[in-house]
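Please go over the structures that come below.
Presented sequentially are two complexes of chain A, the first with chain B as partner and the second with chain C.
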Partner chain A sequence: MFWIHLDRVMGYWPVLLKGIGMTLALSVLSLLIGVVIGFAFGILRAGPNRALSRVVGLYIDFFRGTPFLVQVFIAYFVLPAVGIELSAFAAGVVALSNAAACFIGEIVASGIQAVPPGQSEAAAATGMSRAQALRLVVLPQAVRIITPSLVGQFVLLIKDSSVVSAIGLLDLTRSGWMIVQSVPNGLLVFAIVGIGYFIICYPLIWLSRRMEGRSQAPIL
Partner chain B sequence: MIEFSSLNKWFGQLHVLNDINLKVEKGQVVVVCGPSGSGKSTLIRCVNGLEPFQQGRLVVDGTDLKDGAALRHLRMEVGFVFQSFNLYPHKTALENVTLAPIHVRKLPRAEAEARGRALLEKVGLGDRMGNYPHQLSGGQQQRVAIARALCMQPKIMLFDEPTSALDPEMINEVLEVMVTLAREGMTMMVVTHEMGFARKVADRVIFMDNGAIVEEAPPEQFFTAPQNERTRDFLSKVLQH
Partner chain C sequence: MLGSLNTRVMLEYLPEIWEGFLATLLLSAAGFAGAMVLGVIACALSIQPLRWLRWPAVAYVDAVRATPLLAQLYFLYFGLPRLGIVLPEMLIGVIALSLNSGAYVAEIIRSGILSIQRGQVEAAMSSGMSYLQRMRLVILPQALRPTVSPLIGQAIVLVKDSSLLSLISVVELTRAGQRIAIDRFMPIEGLVATALAYLVLYYLLKLAAAGWSSRNSLPGRG
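Entry: the complex of A and B
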């Protein structure tokens, strides 16, 4: 029975492959957008402008404090009500990159704050502008501090992308739902789906652990 | 070169700088000493605008610090050496020294590196240019920090307790660099308790207590015939050993 089921599931490999492709496309795109916006958030959050920092902080907290599934529904069902029509894919990317930006923003802000204030003082004392001090002195050190948690965040993002199957995107999770319609063995099908996610995530987990070991080396 | 007129500064209720009047001419070396909490670090940090003040006037190299606007320009001409070095840990010694000349002075990289190499050579670290700060001893790090400030070719050098964080055997290698600099005619303000250094190169020694300058004299007079009670008390503690 098991082998027959396995054989039939494997017959659906194009669907699985398509699902993996969609999961990867969603994750990579959202990750890139999330990193760019997340760094901007983090810089503003840790910046000298109190009001701006508060606003960004509130925005970040709002999305960190609401379920991701709800955010996906907002992007897909609520935004059209205010005139922003998005395809399922676009809505997925918007929701995912927004969530990623919020988490990454918080990580980047904490990294910037972890760089000793003497560093920006030394930079300022040689005549550097705030922007130069940030770019040349503070951010390179902050990035080194936060890289392990950033990579960990990437793993969470890939896993969170499974939620967008709820708005009908054929990602890895949804391809599982489709196959299980005709192969009545949920355990087997979703074990294979799980392994698919694991294969994508494990290199990142491994990388993160390796870097955590390395960041123990003295940087000060 | 540096002129304080009736300068006052408060941290909340605390009066950290109390009616400071002080003039440092071009080429002079002024040593500032006093008990901890007397305001000497705050005083020197005012000179390049790291600390704002509330009242009075401070003119450095023709720039009035009250306007605030030209701070960046001023800082290019005023080198600062910190107690805790504050070297950039992700940059080599040479990169530490050339970073500001390249990005602030807009010097071509080759020229900045030539200048940086010569300065590291001068502070005795010709063989350490490719090392990162954590691979250097405290004394070596502080000498890199001095080279980093000098590489901007400043007109004034400020030192905020440059040897206080160092092990005793490393103090001299840093002081020697500073003595050379003073002899070459650099305008310097130095917060330090190294009285030997003060005796050797200072034009004037200033004693601060509770945010005020209580004594200002040439070194011989300062050490042999201090006028103020608190200066005598302080000197008896510092010079005992």
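Entry: the complex of A and C
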């Protein structure tokens, strides 16, 4: 029975492959957008402008405090009401990259704050402008501190992309859900789906752990 | 946009939202209790010296961390009946939440224990303490203190994750919000009410974490 089921699941390999492709497309695209916006958030959040920092903080808190599933529904149902029609894929990317930007923003802000203030003071003393100090002195050190958490965040992003299947996108999880409708063996189907995610995520988890071990060395 | 929100309908559905809120609270509490039990067991197995007891714990933690909760949830939801185990959706949801968070709890406690300096263990050994005595009297009191904030962080994640149970038709907060969407064709009102209710839980837990760490942090240690 197991072999018959395995054979039938393997007959669906194009669906699984499509699902993996969708999961990868969603995650990579959202990561790129999320990193750009997330760095902007982080710089504003750790910046000298109090009001701006608070506004960004509240925005980040809103999305860190609500479930991602609710955010996906917001992107899919609420944005059209304010005149932004999105396809399911676009809504998924918007929700994912927004969530990623919020988490990355918080990580970047804490990274900037972890750089000793003497560094930016020294930069100011050598006549650098604030932007120069940020770009040439503070950010390079902050990036080194936060790289392991950023890699960890990417793993979370890949896993979160499974939630987007709730608005009908055919990602890896959804492809499993479709296959299980005709091959009644949930253990087998979702074990295969799980292996798919494991192959994508585990190298990143391993990398993040390795880098965490290394960055314990003194940073200055 | 917020001006056009139909607050009357939101208030009308307040009882449903409140029930969903309580259900989410209950599911999360049950899930977290299970996660603590699993996490402590997995952590204990992964730091003890016997290799053949260590690897199942490590495999469990890695398997959970590298796969999404939704896939784990479907694995149990579509898989358990196959093994002849028929459980109510709610229980399947709690089991999935516990299994998922348990792996993260194990990692949190493990990193707390591993942050203990070797000298502490050696001092305890040289004063003649057994393994269990060292654990109970020297390691755990120091190791558990820095785990409290990350554990509250994990509780926050768990509360938000519990929204996925709505996808296997467990009635909780997210599902309650969908009632407004389905009954009244007002998805926005439902989502806003749901989001606000989750934010209440989020800020409560965040306050708890901040309060705890401001009272209990040790100099030089988190």
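Following the convention adopted for this analysis, the second predicted complex is superposed on the first by the 220 of 220 C-alpha atoms of A that agree within 3 Å, B and C clash if a C-alpha of one lies under 4 Å from a C-alpha of the other, contacts with A are read in each partner's own complex, and residues count from 1 in each chain.
Everything that follows uses one rule, which is that contacts are C-beta pairs under 8 Å (C-beta built on N, C-alpha and C of every residue); 3 or more make two chains touch, one makes a residue touch a chain.
Owing to the predicted nature of the structure, the values given are computational and were not obtained by experimental measurement.
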Chain A as common anchor, with chain B and chain C clashing or fitting = fit
Counting only touches as set out at the top, which of chain B and chain C does A:Gly127 meet: first, second, both, neither?
-> first
Give one of first, second, both or neither to describe whether A:Met178 is in contact with chain B, with chain C, with both, or with none.
-> neither
Look at A:Thr66 in the shared chain and tell me whether it touches chain B only, chain C only, both, or neither; answer first, second, both or neither.
-> second
Chain B versus chain C, judged by how many residues of chain A each one touches | C
Have a look at where A:Ser165 lands relative to chain B and chain C in the superposition and call it first, second, both or neither.
-> second
Look at A:Leu29 in the shared chain and tell me whether it touches chain B only, chain C only, both, or neither; answer first, second, both or neither.
-> neither
Please indicate which partner A:Ile37 is in contact with in the superposed arrangement: first for chain B, second for chain C, both, or neither.
-> neither
State whether A:Arg144 touches chain B only (first), chain C only (second), both chains, or neither.
-> first
Where the C-alpha centre of chain A sits as vertex, the angle toward chain B and chain C in the overlay (nearest 10 degrees) = 100
In the overlay, chain B and chain C get no closer at Cα level (Å) than 20
Both chain B and chain C contact which residues of chain A?
-> none
Can you list the residues on chain B that touch chain A in the complex?
-> 48, 50, 72-73, 75-76, 78-80, 82, 84, 86-90, 99-100, 103-105, 133-134, 148-149, 152
Which of the residues in chain C come into contact with chain A in the complex?
-> 1, 62-63, 65-72, 74-75, 77-83, 156, 160-164, 166-167, 174, 177, 181, 187-188, 191, 194-195, 198-199, 201-203, 206
Contacts from chain A onto chain C in the complex sit at residues 61-62, 64-70, 73-74, 77-78, 81-82, 155, 158-163, 165-166, 172-173, 176-177, 180, 184-187, 189-191, 193-194, 197-198, 201-202, 205
Residue positions on chain A within touch of chain B in the complex are 116, 118-119, 121-129, 132, 136-137, 140-141, 144, 218-220
